[in-house]
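Listed after this line are the structures, all set down as structure tokens.
Each of the two complexes below includes subunit A, the first together with subunit B, the second together with subunit C.
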Partner chain A sequence: MVKALFFKEWLKIKWAYWSMALLTLLVLVKLGLNLSYYIRILEARSYWYQVVVMGGMFFQDFLYLPALIGLVIGFTQFMPEINEDRLKLTLHLPMKENAILLYMLAYGTLMLAILYLATNLLASALIAFFFPFQVVKAVWLSMAPWFLAGFVVYWVTGAVFVERIWLKRIFIIAVAVLFTDTLLYHTAYEIYRYSLVYFFVLSVLWSIGILYSGYRFKKGVLK
Partner chain B sequence: MENVVECVNLTHYYGKRLIYENLNFVIRKGSIFGLLGKNGTGKTTTINILNGYLKPTSGHCYIFGEDSQHLNPRTKERIGFLMEGHIQYNFMTISQIEKFYSAFYPRWKKDAYYDLMKKLEVDPGQKIGTMSCGQRSQVALGLILAQDPDLMVLDDYSMGLDAGYRRLFLDYLSAYAKGNNKTIFITSHIIQDLENLVEDIVILDYRSVLLSTTVQDFKTNFKQFVMKIPEKMDVLLSKDEVIANFEILKDKLTIYSFKSQQEVEAHLKSLKIPYSEIQQVPMSLEDAFIGLTGKY
Partner chain C sequence: MIIRLSRIFLVVLAIFVGAVYLPQLYWVSFEPRIVPPMVFYSPVIQKFMVGHFGHGKYYFTDDTGKKYNRMQADHLLPLLNYRILAARDEMPDSLLGRPIDLNEVRHNNVSIRIIPRDVNPPQIPLYPLLESKPLRFRLGLPNEYFRFNQRMEFINSKTNRISESMTRLFTTALQKEGFHFPARKVFGNPTTRKPYDAGYFILDRDWQLFHVKKVHGKPYCKNMHIPADVKINWISVKEKELREFCGIAITEDNKLYMVMLNPERLQKLPIDSYNREKDNIIFMGNLFYRLVTIRSDDHLKSYLMDRKYQLLKTYEQKWPTKYETTAGMVSAFIFPFSIVLQTNKTYFIKFDVSPFSWKALFLNIALMLVAFFFVLKKRRNVSHLIDLLLILFTGIFGFIGVLLFESTDG
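What follows is the complex of A and B.
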């Protein structure tokens, strides 16, 4: 049953997923070209100085990318469910309603995790080609909150779509924007190095928001 | 006889708007039950409550003895649900949707689905979203038949269907119900189709339940009397214990009643209505429905 549910989710998101994977690849290609270009133009010593001493964040193209991917995947996954109240069909499946919602969300989360992990591995390989491990690690720690924001945006999108009242939707979106804005802070490297674990815990809490929206959907709260 | 569905004192409000109050009905195992009413009288509301998508303001519905608000997965497995407008997963193809649903229902009958699809002459790779409303209705019906549920809940199966597809739908439905001890709960705004299908009915009016009976009893006991009255005469009539409903068109007075002709005539005489040429006119289920609920 779970396999069938995942099959349905894949059918909804597959085009968006491959499109986002392609976009990510383009951003990675751009990163590689940029690194190679600046090292050739500015010379390695000078570019290294700019990155290592001055803290130049050469990977800022990734700042909004995970959030965009989370939004697009969330949209393509949940929009068809809400369109014409199709979620009623899904919740009528012989499984517990909360389990259905959580499996749907888990599938999207898993697919995001695969894409994010691949992005990080490829980015790391690229960066490691030009910089030492310490820089790669610093980039990882700097980008981690951005990818966390991607998950939050995805979970919030799910909760917002399942929620039926616009005022509540706007409230959820407003709080989520404030939260993700914090995660997208990028004034220096590793600014969340010591608080990342707390932000991780707070972020994961957003994933259960869909259960509250689902409960309200089931109760028949009016649109 | 075992009751598959039991609704007890169901009352529902949307905000301050009362939909109905104290709706009570049972659906016997193996019967075909019709919930009839004009648009906006609460048919879909009742289906939403039955399926657990809406919490009633008060009252309860039980399906297979379980509160409809908390159906367990094994019970949901026994219920086939057709959404109003034959909504299905538009992004799936004919074969994908069959593959998807088959994983959820242990009694899945693949042949029942594909037999119906063969009649449509559609490609298994065709997306449901690209099909006509009639074709989609057959996909939705095929999926429910393949599920082989003990209870079918069909919310306005006739919506958007032409006469041919409606007939096809009903033919399959009655063949399914016949002899299989299956229970069907159906709502429709095309009453004429249901005449030879449903056995028990509840007729909803705005904010209330008009009638709960069998089709046979309704057609036997509810009568239409047509008579002449002087044209341009002010006739002061109102609904009462004898007159369930009435219509005046020029010199023609039509009275709908559960009483006998003698009782109606005695009543008209007591009201001093100058009628003549009274006769009882036979009615179809649709005539009777309109007679009871009115044309507006």
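What follows is the complex of A and C.
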């Protein structure tokens, strides 16, 4: 049953997923070209200086990318469900309703995790070609909250689509936008070094937000 | 159960967002400008001079409270304002019995400012080691950057590979001086915009301090033999034209030392009120004195020393912080606490939760009653109780959270 559910989810998101993978690949290519360009034009020692000493964040293209991916995958996965109330059919599958919603979300989360992991690995390989490991590690730590934001946006998108009442949707979006904003500071390298754990815990709280809107959906709440 | 939990989570997130943004919004709207005083020392009247700037004012007072306008102060602080006085042809010929030479004044005027942000900032542990005695007398960036593991490893930026010859050269030189790998911390001022290069100060595994430079491509390593009880936390390296010292060292227990040159040693400063996470250090040196001001958000203490760093006089002053203004007092009644993520004290994002404001309990209780009688009155169950408790402790944030995401019961 779970397998069938996952296949249904895959059918919904596959185009979006591949497009996002392609977009990520393009951003990675851009990163690689930029790195090789600057090292050629500025000379390696000056470019290293820019990055290592001046704290130039050369990977800022990744700031909003995970959030965008989360949003697009969330859209394509949950938008069809609310068209003509198809979610009602989904929720009639022979499984517990909460479990269905959680499996749907878990599938998307897993797929996002795979894409994010691949992105990080490829980016690391690229950066390791031009810089020592110390820079790669700094990039990981700096980008970690941005990818966390990607998951949050995805989970919130799910919750917002399952919610029926527009006012409530706006409330959820408002809180989520403000929350996501706290994950996207990028004034220097590794600035979340001492607080990433707290942000991780808070972000995970969003993951079951969909159950709240799912419950309201089932009850047919009108306000 | 899990649905209740999912709702509580949303409320908690709303509380977090509220505690971050509402106080921020409040302060953006109402924060008054607070300009802390600046302390100088007048060699003419032998008194501290306190500069009051901002809010359209610009005047000085001495430590007896006597007021001076800007023009009068120029003459009382001749070493600070030597350019202006010289341009007006008003520079005294001698001060404290010593003939004044403008070049000497300029050369001896040194100022160093260290703000909490500068201490232990986020840093990628790779460092360019500049040539200290460049052939063409101009500092330039090297191709190699070093890092520390069980060796002092140089990496060539062109090839991104380890330069074995340099690594061996410097590692052996350090070992000969008694360096115990790996390094705890590396302190330097890697820029070419400075009068000379003092290299790096490196703290080894056993808290010994080493001075490392590259001179004609060869290592210059020196164990500074600092006392065993001096555990350095940070050194702010600042090369100045006056080559008497090249920075200020801060120890784990917040004591301050000047990093002296010729010979290299640490000179203790008679300062006892510094906290590296909160206070600014303003160091001003001139022909006659060393004046160090330790300034926090609400007070300062200035230490006047002679050129041998012996304490002569101190001066202290307090002023109200933003929390003691009307806006601050009102905020204590509105917000039970606040979460500050970004401050001007550090580059790092921190979860700075302010202490609970008991004054806000009035509003908290009022909001709880509003919720009890008007909003949540139809529901009398466990969720209801949790909601009320949340409002009691988190006040306006919890109230908003509970209203945005109403209970799933009832």
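By definition in this document, the second predicted complex is superposed on the first by the 222 of 223 C-alpha atoms of A that agree within 3 Å, B and C clash if a C-alpha of one lies under 4 Å from a C-alpha of the other, contacts with A are read in each partner's own complex, and residues count from 1 in each chain.
Note that contacts are C-beta pairs under 8 Å (C-beta built on N, C-alpha and C of every residue); 3 or more make two chains touch, one makes a residue touch a chain.
Keep in mind that this is a model prediction, so the values were computed, not measured.
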{"item": "Superposition on subunit A - do subunit B and subunit C clash or fit", "value": "fit"}
{"item": "Touching partner for A:P80 - first (subunit B), second (subunit C), both, neither", "value": "first"}
{"item": "Subunit B versus subunit C as contact partner of A:E190, first or second or both or neither", "value": "second"}
{"item": "First, second, both or neither for A:L89, with subunit B first and subunit C second", "value": "first"}
{"item": "Partner chain in contact with A:K30 - subunit B first, subunit C second, else both or neither", "value": "neither"}
{"item": "Superposition-derived angle with apex at the Cα centre of subunit A and sides reaching subunit B and subunit C, degrees in steps of 10", "value": "140"}
{"item": "First, second, both or neither for A:S46, with subunit B first and subunit C second", "value": "second"}
{"item": "Smallest separation in angstrom, by C-alpha atoms, between subunit B and subunit C in the superposition", "value": "11"}
{"item": "Interface residues, subunit A side, partner subunit C - complex", "value": "44-49, 51-53, 55, 98, 129-132, 134-135, 138, 171-172, 175, 178-179, 182, 185, 187-195, 198, 202, 205-206, 208-212, 215-216"}
{"item": "Complex contacts: residues of subunit B adjacent to subunit A", "value": "14-15, 48, 51-55, 73-74, 76-77, 79, 81, 83, 85, 87-92, 96, 99-105"}
{"item": "List of subunit C residues in touch with subunit A within their complex", "value": "2-3, 5-7, 9-10, 12-14, 16-17, 20-21, 121-128, 141-143, 145, 147, 155, 157-158, 160, 190-191, 341-342, 347-351, 404-405, 408"}
{"item": "In the complex with subunit B, residue positions of subunit A that touch it", "value": "1, 3-4, 7-8, 11-12, 80, 84-86, 88-89, 91-96, 217-220, 222"}
